[in-house]
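To start, the structure under review is shown below, and the notes come after it.
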């Protein structure tokens, strides 16, 4: 299960979804288009192989959606109540994964969650810098992000190459 | 039922749109304006979805795909610009 | 059959597309360009011969009938314009190829130039109002690129004036098209002619004047011309030449076409005559005030446009015939003059009168090449300009428009004055300040590029040939004018199922 | 089904309005950013799901799914870029707390 | 065309024109953009509104498709030309660090010359009247 | 006649081509042209029972054909053109030192001769006009031949402007007259003359043209100004031929129209007499030989105008004689002046002294020529003047003319003496820088041409019968009633002779005692040259002023003017003549209202934004809002396009904005804010109002339904908008992508264009040059 | 002007490729649903901008190995040639034709000559985006 395969199937799936019908013709067309597009636009990054665990992925999604709703509710409450409970902060969260893709997914989920946004990533150390609207405590917030990362890693376990190798090429463009 | 719901939704979205524009017009930083513009785009996309639900045809879905896929390009560019320049 | 009607557009356009793709092979590119324009001339002449008796050819693009699809229409007026414009385009392309300025002969020039040619043809051919807008845009966009070709500071600054004004005009154009469609529900010009006649007169007149303003900007009539002398002179010589010769005439063409076809009742007659007089006068005064050859000539374009509008404003067959005649004469002569202006610059590095002088002794042939079209422009007999002005005077006096004739004659005298000023400043006397090219006035000066001189000579020769062919040309003009004054054949030809 | 769709639509629109109110409500750029884009994104998702429920053509659901997926991918990128820009151009509220590592990076 | 649309068109034209009357190139380009939006809106509203003209089942009148096609063409053309104008603004800045449309040099020169000549003539006339009156002196 | 014209062209071409190699001998090549004319005339005139007619159709539809007719009058004129032409070319051959450009000079002169030939033989008024203007142009080139001299250039310009402009006025007259007569044929018009008011107006304009050409007051000043021309040019153009063109035309018209048009005779008399007196008077004051002759010529031209203009047969006859006599003696005198100039290198009468003894042959010949001019018997000048006086005496109602002529003759005598004494006399007082003793006599060949002319004036004077046919034929051609008149040396003692005698005596007195006080009196009258100068500077200044007002060079002003016109013109018509729209729908939905409000707000945002980026974002807001309006109208394709275009445009804007400063600079606009607001409001009102107006019109069957019905079956697509774009109106789309492609090519070309730093070695663009100029001044 | 962002860097490939798929979809479906050559070209063009944002010029060039003017020329030529084909199957320039081809797996594929025309449009629009980026995106420091 290579990243290339994920990409191709994603693109083919996009094609099918766009045509609004799952037919053989559309699937075949999707594959052709996907191959064509990948050939036309070669990736400008080193591709890192990752695995995929569907169950873990579902768990990640559910957890993430829950977080999303919770945070939204909180923020809505905040907006409609006159008291200002904002306690903004920027905290650093050094991730354990060295795979850029994983880090990106984590960073995005953080950003999608109301009340927090990834400000920056240090590609050397894979540290996320996160702006949070309501700082509980640095440790607590850091821990929740790391938990999210662990769920992500469970869904997309690193395979084939040792993390160290990707770490070297991780942040560089080709 | 559906008509009432979509009307209410549209009404809410209109309020949202007006508020976004108010934010844009208020003297603020560029970051504010870009945020407001981004929100406006989201409101527009939402409105299209409501409209789709209301009329039952999916003709405007491509517009939504565009917003979802490329809406962030403008935002991102402006953000990069602001970052460079300061607001 | 009528397939040939589209060729004057498709040939240069296809060649332009090819030469975009063929940037790497200059020789091949050049042959394609020259070949395409040559073929365009041949096709145009054939079209002219087919419509010389006043018939109207219609080509339905895509096979769709008019109002659903776009039609191209060739009547005698458009055929004449096609022949003249394609000839000038070819000659000026030769001139440009011969020009040592790399930015003009470079890979990007020709495709854009060919597109310009296609656009001009489209303007003359289309029978659809919105398509006319598109054709204008093709022409204009190409002209934006050409006027700023080289990208020097001045070109950018003056190109900006040109582009901003043109864009404004285009916006007004699209506005007018929208309003017209809103009012009558079609953009086919023949159909418009029928339907506009039936609507509220106030609205119709307002639309008519609005179109006049739109095309008036392009044609540089009073008081919409200011942009022209500020922008034309900065372009490279071949570009200025083709702009001066053709582009404003595209505007004039559009004015004539719309005012005779769509608003054919002559309601605008008085307005047009007043505008004509003011345009002539303002242009010639502007010319007198200038010190730079290309600027002087640019102001004369304006003044001359006034004469063309004069003929149209009479709304008689003779008046329009005179205008048609005038337009053709002017395209040739003006192109010639600007080409000479380019040669002067080529030889001396300047076009400022104060830095020129005595060129007659160094480059007598160049002097002759200037003198003939200059006299023609001033309306000195027996050159084409004389015939053109004479016919205008005849047409004006025939309907008792004494005032405009008086203005025309007065302006004619001032034009002579101004042409003589160039002659005296460039070819006689001595420069007040040294020209940029130090040995410009030495006997040992370098030769002018042969292709440039050759093509200039060709245009001047054409302007002389015009004199000899004046009788048949005048007859053509009269037939064309008759078709313009009474557009029923045109309308019929388009609307017949 | 219809009820679910109606609830989703109204809720989504409500979230969008909330977001817009949030734009007015806070005085910190970043706070406004949080308030504006996140609920609005969520609102859009809800509305899209709501629309998917009621759409006449079943195929459209696929496209709506695509919209959701794409929105999930791109919205955070935008938020990230805007947030980064706001911080880097020093528009964050002066009360904002920076932990040690962040402070160091900010001063770079 | 509804009154509201006409009003919108009016405002877009007005603001576009206002911006166009400035010397700041950026403002001019933006003004042309606004004006273009107004024109496209006007063009579109020249036809009737209605259901999207994509043939399918469903009820209601379709909108007039022609203005849509025309406006689409116009939008793209306006975009193209604006893009070129932007390229020129870019180049203008690179060349002269200026975002301002200065007046045409040659035009200004002639204007100044005219003023100077008029002044000189005025002066000459005064001198002339002075020694044109010998009787007064003798 | 056409062949003669072609021969001129050919000779001119040959001369121009050979000029460089042949040196001054090229003038002998030029002499071929008038020789051909003369030979042709000699052969034709002897063989001719009636007028010779030739015709070449050119543009019959506008009445422009090259019709020629050689009648008696034309014969006289052609004889002058050919005969004096030959002499002038021979004279010029010796006159010029070797110099550059003689080939050019020769061809100018040949073309002039050809044009003059065409002028006097043309029977079509338009053809006549063509040759008329050609003589103006060639005269311009000839006068300015010495182009290094600013005086020559100015003189050339003056001559051209006066005669050229006069010609243009005449063109208007010709067309008026011809339209009244229904023909451009001169003979047809004269055979059936119209007398409508427009014909009268036409004749007035024609007269103005003729007056300018023949240097009549108040247009006379160009002739002295033209004296910077080489002397052969003056001898040919300014005495014998070109200045006779106006007289030619007046003479042609007078016998017919003098009686038909009430004001004709008074006009001719007033102008002619004034010219005669002014010219004579001014001649007296000249110190330059040629200027003296020029003013004298002006005077004599006035005299001839009166003679031929009154349209009486006997006066016409006398006029013909005068034309001949004047051409002969004045050409000779110019040649003498040239000889003096050539030998002594000056024409200043105050410096010349005692040349009579250094070049006696020249001096005696000049005496004869002057005597002819002064009307001393037995010379041709006397004969013709006697004929004139005789005729005038027969017209007692024109006594004023007679008186004028006598005074004029006296002046002629006076300046004639001035010429002779000034040039050849031994002046004891010398002058400041006397020239005389060291001067050589001219070469015999140089002197020969004027001697021939002097010989002619003597012989024809002694035996007037020699030229009687020529003169009589000319007069008869104009007016059959003139057939009975003949030239005679001796008319017996009578009033004419007495008057002649009186004039001679008065002239001699006048010469001895110049009327200093009178001269002072006239000095303050506005003189024509200063009027001309004032007019030229006036026009220049007016042009400057008009141009600097209009052509402000400011883009916002241009835009403002255009917008104002675009608002006022249609707006006025709409309000004045239109019916206001009714039945307006306010809005289609509340969504439309709110969206429109947002668009409006964003539009105002573009104005109030102080930062570039802000304004651009507002522009984006407008764009997105408009996209929503598109959706509401039912245009998904359009909305999609709008969204995408807006995004792409935003991206491009930002790429540019990164270079520019963040805030807008405060730039002083040339248009006040209030005016800007005014124009903007006007534009808005027009756009909104006009669109409502247009939309409210009851319109024909909409094309929309046809598209909707045919898109799927015939275009094969459900998306009607797309089918229109790619099929029904694919040509628009083709054009549109052409626009895009060109834009892209242009953008690429801009990048690849040379960097501005090496702009210096680029051929300087004109404006660049003038920019420097502007700085240095 | 680009400060690298890892998030952007990683996602750009995904988004750009998805956008291209979308753009091809718009191109092929445009005759029957909102879309068409322009819109498709614009989507592709914006994805090129995106690529530029993430990777600068090098990023753009590594993706599209063609010169913009080549793309423009080919696109325009395709459109013109399609127009000329009208002379082959009809008699008017730009006359359209419909085709139905039966292919294995895919079933009956219907197409009109509007498609190649739209492809030409598409290519030109992409070429414009490329050229504009090239013109305006020069990496000069502010």
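Which chain is which? They are A, B, C, D, E, F and G, in the order written, and residues in each are numbered from 1.
Heads up, the rule we're going with is that contacts are C-beta pairs under 8 Å (C-beta built on N, C-alpha and C of every residue); 3 or more make two chains touch, one makes a residue touch a chain.
This structure is a prediction, so every number in the text was calculated from the model and none was measured.
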item: Chains contacting each of chain D and chain E, listed by label; value: B, G
item: Farthest-lying chain, centroid of Cα atoms versus that of chain D; value: F
item: Farthest-lying chain, centroid of Cα atoms versus that of chain B; value: F
item: Pair with more cross-chain C-beta pairs in contact, given D-G and A-D; value: A-D
item: Rounded Å distance between chain B and chain F, as computed from the means of their C-alpha atoms; value: 70
item: Between chain E and chain F, centroid-to-centroid distance (C-alpha), Å; value: 40
item: Inter-centroid spacing, chain D versus chain B (mean Cα positions, whole Å); value: 10
item: Inter-centroid spacing, chain D versus chain C (mean Cα positions, whole Å); value: 57
item: Junction residues of chain B, two or more chains touched; value: 10-11, 17-18, 34, 56-60, 62-63, 65-66, 69-71, 73, 76-77, 80-86
item: Residue numbers of chain D (touch at least two other chains); value: 21, 33, 41, 57, 59-60, 63, 66, 70, 73-77, 80-81, 84
item: Of all residues in chain E, the ones touching two or more other chains; value: 1, 16, 20, 28, 40, 42, 45-47, 52, 54, 56, 66, 70, 72-73, 76-77, 80-84, 86-88, 90-91, 94-95, 101, 104, 106-107, 110, 114
item: In the complex, chain B residues that touch chain F; value: 10-11, 14, 17-18, 21, 24-25, 30, 33-34, 37, 40-41, 44, 47-48, 51, 59-60, 62-63, 66-67, 70-71, 73-74, 77-78, 81-82, 84-86
item: In the complex with chain B, residue positions of chain G that touch it; value: 1-3, 8, 15, 18-19, 22, 26, 33-35, 43, 46-47, 49-50, 53, 142
item: Residue numbers on chain E that touch chain G, as the complex places them; value: 52, 54, 72, 76, 80, 83, 86-87, 90, 94
item: Chain D residues within the chain A interface of the complex; value: 15, 18, 21-22, 25-26, 28, 30-31, 33-35, 38-39, 41-42, 57, 59-60, 62-63, 65-66, 72-73, 75-77, 79-80, 83-84, 87, 92-93, 95-102, 105-106
item: Touching residues on chain G, where the partner in the complex is chain D; value: 5, 7-8, 11, 14-15, 18
